[in-house]
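A short worksheet on the structure shown next.
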């Protein structure tokens, strides 16, 4: 036992391989909460991130929803951005050069109003140097067409993932919605379609009302709830997904600290994503990665031993 | 317009009729968070409550789950009580005499492991003086049999409600689970079965992990998430249910203040229930009722005008 | 039917008596309390932390009593362990705090135990209710265990209140090296009555030792609490009326759940299913 | 690539200058700021409130400058409106506060506007960035509107910084009775450049008045902000490059969304789709 331990000390104890891609640590920034990476360059060391998952990309640029688009709720926030983004071509042309200069992995979060659109976006990213994987957003609750429909119907989810797998050679992570009766059905559907990994959870659909105006705070009426408020639901879904999943899981939902991230890893996630926390502290993801390293050292465990180590 | 306004001033502006039952105000205490009422007698004026919904009752007394049964989460708490209760007969014999002495409505929350058990509990309460309505808990996530299975499957939900309606003449409120893909399907199912009103939401299923011990905090592993954290989800579900519901709605989930309660009323609930807030402040429900009265006065509105007044 | 009782307390002082340990004096009208009772207090006006925090009562301040502040009130003694106690430690004189209580059933010396040898056994913050109880008793043998010398001062109240005090530290830096239950083994006889409060492992061992020698023992338990008044049924411990001797190797079946907040926090040590804790 | 910049500020003072209005002096290394920029600060260490709060910069404190505290830092002026500002108001000298910034693009007097008549128009707390701007300009006409006499003092900084000040109160209890935009109608000519900050209705009216007389106008907007650095895309306002005159009755189509935090908070008033606000 002693020899391998010494070998491990020399290598990177946080390294993790998901869907064939090696990440320097299991802490990624969640899509939509970290822009295209450059926005955070002045506030954190991007080179210390496991990966940057960029804002959801569609075929054409999207203007997004009218404002107000966000509102704070107890230990959380609602957002209805409406997937405003520069479009996949502008992303490849204008955003990737910066990202290629960062020593981290780039995961492109993709979105479409139709299955064909998903496939086309995936296809265009497939040949873009520096993109390590695709994350399929089948679960965004804030757009009229697509999004949540694909994310709550196993047949539709299957079709989207299948189309993306056929259109691209890049590893595919499918991001699931929590707004379903049984996450296990969704896990099986996207696995059957060939997804290489699963990330969860996207936001819970919520709503907040300005009682003085008797109007919803968000122009879009409903929005996606994120932040620490949803963490117990996210950990539970991650743990339920783990029971049936054959592919690696990437857990998220309300991770603010290393301890929060550890809950997901212990529940069975191979990696985590940090979302809303980056708004509160732009350096959160980096701090969380180092907190996980501290924990592993303190408990003399490897990351592999930690993942799924929950005893119920 | 002036005359009716003066008439209204003399009557009770908070009075509301739900399923044929008149309540002095639209603020009830939620099942499981207010014991059998007597526990709170020293801390609040029970006579000022719209109704007391008692802890879920089963046919036989239930011991409940081993502890720990609760854990705090960000702006919320998880519970896995396991429906510990004295059983319907002891309730009628030992708890009702006290409750009959309180000048408020009593709603009996009922639960069964089988459809027959639901029907039998309902039947025994049907002849108990002082019980004004039944609330069917088809949505408790913390017991092995029954509970959540009935609450997430429209056919099972239909069967439970139908059986209770056939077994009792008391008005029936069916309490829905938020852990479903489409609340509208559940609304329709229980309406078709003849429910007189719908209450929502019960807790969201969640989980929290002690990362030092790498064990779930709750002995039951998962538990029900309640408190302000879930309010945006609850308001959204209430608003969605309202779009299709023909029967009155009783909204709940994270109501801590009058303003929170108003969100539900504005979204379309005819009344609200206050749960976790009573732990934080045993007088919360009474304060919320008086806060709603203040709001109506300040905005020169009737309760009827307020309900469903949201403009989207 | 009573209206809401007075839950409004005002901070008289909030002193760090040892690093991380605070003595909180509260002016509070509702300050009628018995040893072993506790209060539930809101540490913040917001909802994170959401729930009240349970704290044992360390002493009662009576206008005109020994400690005179011109006010009735209570003293709490707490250790900063998480976000609630952290926020509490930042309160200053004059701040308002919402306090519910006094709650639960505390320590009492029953008539049938009056001639027995009284042992007050505590570990760490478990001394809080027992120092209060010592004041009521005016005598007894106090056994106190803690990590090291730094915390020994916590037990000074026992001596002030007329008890003989023996201390054990885990690292041997003060008193005897070892656990409070090691001292207990010295002191206990079949004619002792033991009152204990501290970590669950200590209480479990205490119940076993008492059962072995045939002594009576009462323990004050801790559980995460949401309501503190017996309503949420969250603070359950497996228990039950039985009169047999506690057998740590056996499993006691068919025990009811008791609520720590309203049935306790003080229980007969023989009445707890320690295996299920 | 930079590591995390210094976000640690320390409270120098936090004075209630008017009931409900606080002047907060922060010692802060990162205190390089231009008028109209803002900071995002964490009001509590917990997660309720969760998000940072945006506050405009009222002045920069320079060691050796006019206001000498021996420290570099900034001054913020805020009104207590909700839970975040409430918590903020309880901070005392020496407390740490986490501050991100300075953020956004503020007010500048462009070369092509240097010979125009400068009007600084503000309502309520909207005076904050404009008093700072006035200091940089050293002259100009300041128009300030507020509810009543009690708040007039907020505008005193304009005079100190060399501006002519005219005040309007809604209730007529001080200055002229009416709105700041009533004063604007008096003062504005086609050769004016107006800088405005305040309630959205005021800004909308200002843009309309400026468009009518053919003046240039810049407005500082407010939106709920999650990140403050252009990443969440939450603080969007409908805008777009166009050079026509603003027509409040018409709808301007095909305008892009701009982010208040990173594209603004100061925008050309003619560049905002006021109907969609």
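Each chain carries a letter (A, B, C and D) given by its place in the written order, and its residues are counted from 1.
The rule is simple: a contact is a pair of C-beta atoms (placed from the backbone, for glycine too) under 8 Å apart; a residue touches a chain by one contact, two chains touch by 3 or more.
Just so we're clear, the structure is a prediction, and the values are computed from it rather than from any experiment.
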Greatest separation from chain D - chain, by CA centre: C
Approximate Å spacing (C-alpha centroids) for the pair chain A, chain B: 35
Euclidean distance of C-alpha centroids - chain A vs chain C, Å: 46
Intercentroid distance (Cα basis), chain D paired with chain C, Å: 54
Contacts with two or more other chains, residues of chain B listed in rising order: 74-76, 227-228
Multi-chain contact sites of chain C, meaning residues that touch two or more partners: 47-49
Pairwise touch network: line, ring, star, complete, or other: complete
Partner chain B, residues of chain A touching it in the complex: 73-76, 78, 152, 179-182, 204-209, 211, 214-216, 221-222, 225, 227-233, 235-236, 239, 254, 259, 262-263, 266-267, 295, 309-312
Residues on chain B engaged by chain D in the complex (per definition of touch): 74-75, 228
Chain D - residues contacting chain B, complex: 47-48
Contact set on chain D toward chain C in their complex: 44, 46-49, 83, 87
Sites on chain D touched by chain A in the complex: 1-5, 42, 47-52, 98, 100, 223-238, 256-257, 262, 276-277
